[in-house]
Each structure stands twice: as structure tokens, then as C-alpha cells.
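Per-chain numbering from 1; labels A, B and C assigned in written order.
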Amino acid sequence: MGAVLPDLPIGPVLEVAGVFVGSMSGALAAVRKQFDVFGVLVLAWAAGLGGGVLRDLLIGAVPPVGISDVRLMAAALAGGLVMYFGHPRLERARRFIIVLDAGALALFSVVGTVKGLEYGTTALAAVVVGVLTGVGGGMLRDLLTGEVPVVLHQRELYAVPALLGSAATVGLWHLGWAGAVGLTAVAAGIFALRLVALRFRLTAPGPWRGGRSSGSR
Amino acid sequence: MGAVLPDLPIGPVLEVAGVFVGSMSGALAAVRKQFDVFGVLVLAWAAGLGGGVLRDLLIGAVPPVGISDVRLMAAALAGGLVMYFGHPRLERARRFIIVLDAGALALFSVVGTVKGLEYGTTALAAVVVGVLTGVGGGMLRDLLTGEVPVVLHQRELYAVPALLGSAATVGLWHLGWAGAVGLTAVAAGIFALRLVALRFRLTAPGPWRGGRSSGSR
Amino acid sequence: MGAVLPDLPIGPVLEVAGVFVGSMSGALAAVRKQFDVFGVLVLAWAAGLGGGVLRDLLIGAVPPVGISDVRLMAAALAGGLVMYFGHPRLERARRFIIVLDAGALALFSVVGTVKGLEYGTTALAAVVVGVLTGVGGGMLRDLLTGEVPVVLHQRELYAVPALLGSAATVGLWHLGWAGAVGLTAVAAGIFALRLVALRFRLTAPGPWRGGRSSGSR
């Protein structure tokens, strides 16, 4: 596959950075569960590359880059090792990691959508695999550590920015505007929306109560 | 793929109905877990279309219809929204939903088996993907909500009717009788067997106790 | 696919034996969770053939042999039935099963790596799918019974012998030495390393404590 965004020289660099950050979230979850070092590295891989692996399986791009690309695998293992050795300090940098994670979400969603379109999927499927590229790694991380995927119940908008961004990417693609500038703008928009959601605690609504207040949880 | 049962005009309608009902079971599970509205819709998708997605991955039909077919996705989202807004009332219609779910199980098993055969699988693989189409969505729903898949331990026959129906479908196919009448009869048989199992509490045996009574659980 | 190790006449026999043993571990987990007989057989299938199914999905070998090969499916169902009826006695043979499981791990890792290479994967991807063939069935077994995969936190070396063996297999392949003798030697090495790890309780390190002793868990 090589670069998904060939006219965006910064793309591959950001993709590696996204995998690195995602893998740190997986390694941290594994450390908290007292996994051994092998388990920590598997979780780093799952969180950093799992979303892309699910995308590639769904669009038929096998073997997925998440198991065959040396550069991406190295980024995931590096993220895992950094967190394995650095977790006593990195726990305190949690806020910084959340910001980086928002960047990874933005980038993965755009890259994933474009790859789907390049493989000739329908617009609908491209949006699905775009969002899945963004949120799938975290879901796999949660399932492998015995947790319900946080993206499904956390309320603070996480998948919604990815969804809007993937839809915007499909729109740009069909307008012929899916170049470096357009895609970068979409990624920046996802990133900004995620940060705004964090800052102002914008939440998706919980279960509908038939018009009454949803009360406290 | 379009219509899997091209000579069965009622097929596509029933397939959409099956997805709609399946997605309601996923949305209900999500509402009970206090998922947000995004989580409710993901669970609706997983329960309504997850079985077909697993089938399509296994037979190489990518991208799966469960992420690319607008009609089926709309049915899953509609089922999710109906349950999201209607759950206070629909909980009371539980018996009605169970009957509809039996219909979905019957239809999915037959449709899934036929699609496997159309993709040139062995008879054995066609039965596996047929059953998986029927029960896979519910398994995915349970895994994503942190539960052990109910189909594996519920005792009341659920997968067994699907298994018998998938095997019967393969038999009809090899006899050249897999037309509208034959397939409808198989689906009706699965449906009836599931309802009989519910009505008379027919159960699969639990762990073998070495000839002694299995006692109470 | 037929035989993956065509010049190793004992290969297919060992593969069936590996599936049989793996499936017993799945069936035992299901019996302990009070699954019904259908659930026991599904878990037998998942533990015995799940690793190979994941491998085949990742390399595009669909439908996977784990759902289409009558011989392998029969081995998994046989292992499941033996454990379903024999579990009161077989629980006491736990040590024997662990040794057999080490043999299955060794064989699956080598066979899985070779199959990846035959499908033209990169060396890296071949190692990943080789290890996954060895440990994936057990992971699937644990996820379906609501447990965190034991391979991720058990400490006693399990995946590491598979990893070393898969890497050695790739090395032999590129040297042109991946014949019966070489591959058998690698499998024997994985088997021996796993038994040594069990006998002497060789463990992978848990979370890093910043240079201090990791203490008790």
C-alpha cells in the first residue's frame, strides 16, 4: 500500500505517530491489568494497529499493513516499550496522551476512509471503515483486557468527530478535492472537535427516558 | 450481492425485517448497559448485521454487505432508533420480539447457507456460515456488552434449529431443489422448531455428569 | 490447501492431533462455565481451529480450512465430545493435557508460519500469523468464556517459544532449508522450550517497577 496520502508528505510521519500514541494507550491498559511484557506488547499492537487491521480485513486488503509493514509494527512496539518502562512517569502525563490520542483519531479516520475509497467501496462502507480505523484499536484493547469498549458508553464525543470527518472525507473525494489541503483540513477539524468535546465535556445522550430528565447515572 | 434468493421475491423484504428485529435486540442490550446513543446504534448494527459480516469475511465476500448495503444499514439504524426511543414500552413487548427474533434466525440461517454455497464453499463450510449468520450477531452483541454469548449456555434450543436448517438447505441445494418453495419450507421449519423449543422449554443438555442426574444448576 | 508440509508425511497426522488437543482445552473451559453441549462443541471448535481461522483471514485464504476441512472439523468435534463425556476423569489428567498442548503449540506455530510464507506474506507477517496460529485458539476460547486471554498475563513462557520458533521457521525458509528435517527440528525446539518453561517456571517479567523489585502481585 505504501502511503495512502501520496501527495501529503507529512502523512506517513503522522500515521507512524498515530500508531505510536495508540499503542501507548494499549500498553498502559495492559500494565494496569498486570499483564506480562508479552501481553503489554500485544496490547500495544492491538490498540495501535487493530483498527487498521479490521479495516483491511473488511475491504480485502490482506495481509493487513498492521501485520506486514515493518515501519508501523516498529512504531507499535516502540510505543509499547516506552509505556512498559515509563508508565510510572507517563501516568502523570495523561492529559498529554489524551491530546495525542485525539490527533491519532483524526488521522486514522481520514486515512482509513481514503483507503476504503481507493479499494472501491461504497461511500457508506468507506465511512464505516474510516470510523473503525479510528476507534477499532481502542475497542480491541478494551475487549482483550476484559472491559466493555469505552467508546460505546463514555458519553464524551469520540466516535462522532470521526464519523463527521469520515463523511466529510467521502464528500471531498467525490468532489475531487481530496488532496493534501482538503484532507488536512478535515483531520484538523476532527482533532479540534474532539478537543472541544473534552474541554467543554460535550456528551452524547444516554438512554432515552421517554421525555423525562435522564437524571444521574 | 443484491438478492441472495433471486427467485424468492419475499426474500429481501424478510431479510430487511430480520436485520431490523436483530438490531432491536442489540439496542436493547446497549440501553440496559447505559450506553450512549452512539453505543446503542453500534450495538444495533452489530446484532443486526454482525452475523452476516462474519459470514462475508469467512467466504471472502468483501466488503461485507453489512457495511456497504444502504438498505440493510438503514434497517439496522432504524431498529436501533426505535429501541432507543421506545425501550420503556418495548421492554413489555418482549414476547413479541422473541417471536420476531425466531423469524430472523430462520431467515438468516437459510440466506447465509445459500450465500456460502454461491461462493463455492464446501457443504461443511456452508453449514458453518449459515449457522453463524443466524447466531453471530447475537454473539457479537454479547461480547461487546461484556457478556458471555447467551447462545453458548442458554440451553433452550437456538443454534440447533439453525444447524438443522442449514444442513437441510445444503441438502436441497445438492438435490437441485433450492428454489423458493424448498427454502421457504426450511425457514418455516427452523422458525417452528425454535417456537416449539420456547413453548415446551426444550433444552440442550448441560455438562455430562458421568451418568448421574445433572441435578440443578 | 491440503497438506502444508507436503514432504513431512507425519505433518497432517500431527496437525489433526494438535486440533484434537486444542479442542479439549476449549471444551473443558466450556464445561467449567456450565455451557450446554452446543456451547461445548463451539468452544472446542474455537480453541482447536480458531487460531488457524484468524491466520487464514489475515492472509486471505478463504474460506479458512477451520470451517471447510472435514478432517480438521471432525478432530475438533471429537476432542469436544471426548471432553464433554470424559471431563470428570480428564480433569485429573491435566498434566498430560498440558504436555499435549505444548506439542500443539509447537506444531501450529511452524505450520502457520509456513502457510503464511506460501501465501507470499512478508517475513514479519509470517511470524505474526505463525504465533497467532499457535496462540489464537486459546485467546478465542478465553474471550468466548468471558475471561481475559491467559496468554497475555500468565507469565510462564507460552507465546515466546512460538515467537522464536516462527522466526526460526522464516529463517530456514529463506535459507532454503525448510524441509521435513529443519521444520521438525524447529517444532521440537518450541516443544522443548515450552516444557522447560513449565518445569522450571520460567516467566516473562510483569510490569516494570522502575528498577525496584516487582514484589508480589
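One rule holds in what follows: a contact is a pair of C-beta atoms (placed from the backbone, for glycine too) under 8 Å apart; a residue touches a chain by one contact, two chains touch by 3 or more.
This one's a predicted model, so the numbers in the text were calculated from it and none came from an experiment.
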Graph class of chain-chain contacts, one of line, ring, star, complete, other: complete
Relative orientation of copies subunit A and subunit B, as a Cα rotation angle in degrees, nearest 5: 120
CA centroid of subunit A to CA centroid of subunit C, Å: 30
Sites on subunit C at which at least two other chains make contact: 57, 60, 143, 146
In the complex with subunit B, residue positions of subunit A that touch it: 57-60, 116, 119, 121-122, 124-125, 128-129, 143, 146-149, 151-155, 159-160, 203-210, 217
Footprint of subunit A on subunit B - complex, ascending: 30-31, 33-40, 42-43, 53, 57, 60, 62-64, 67-70, 73, 84-85, 87-88, 143-146
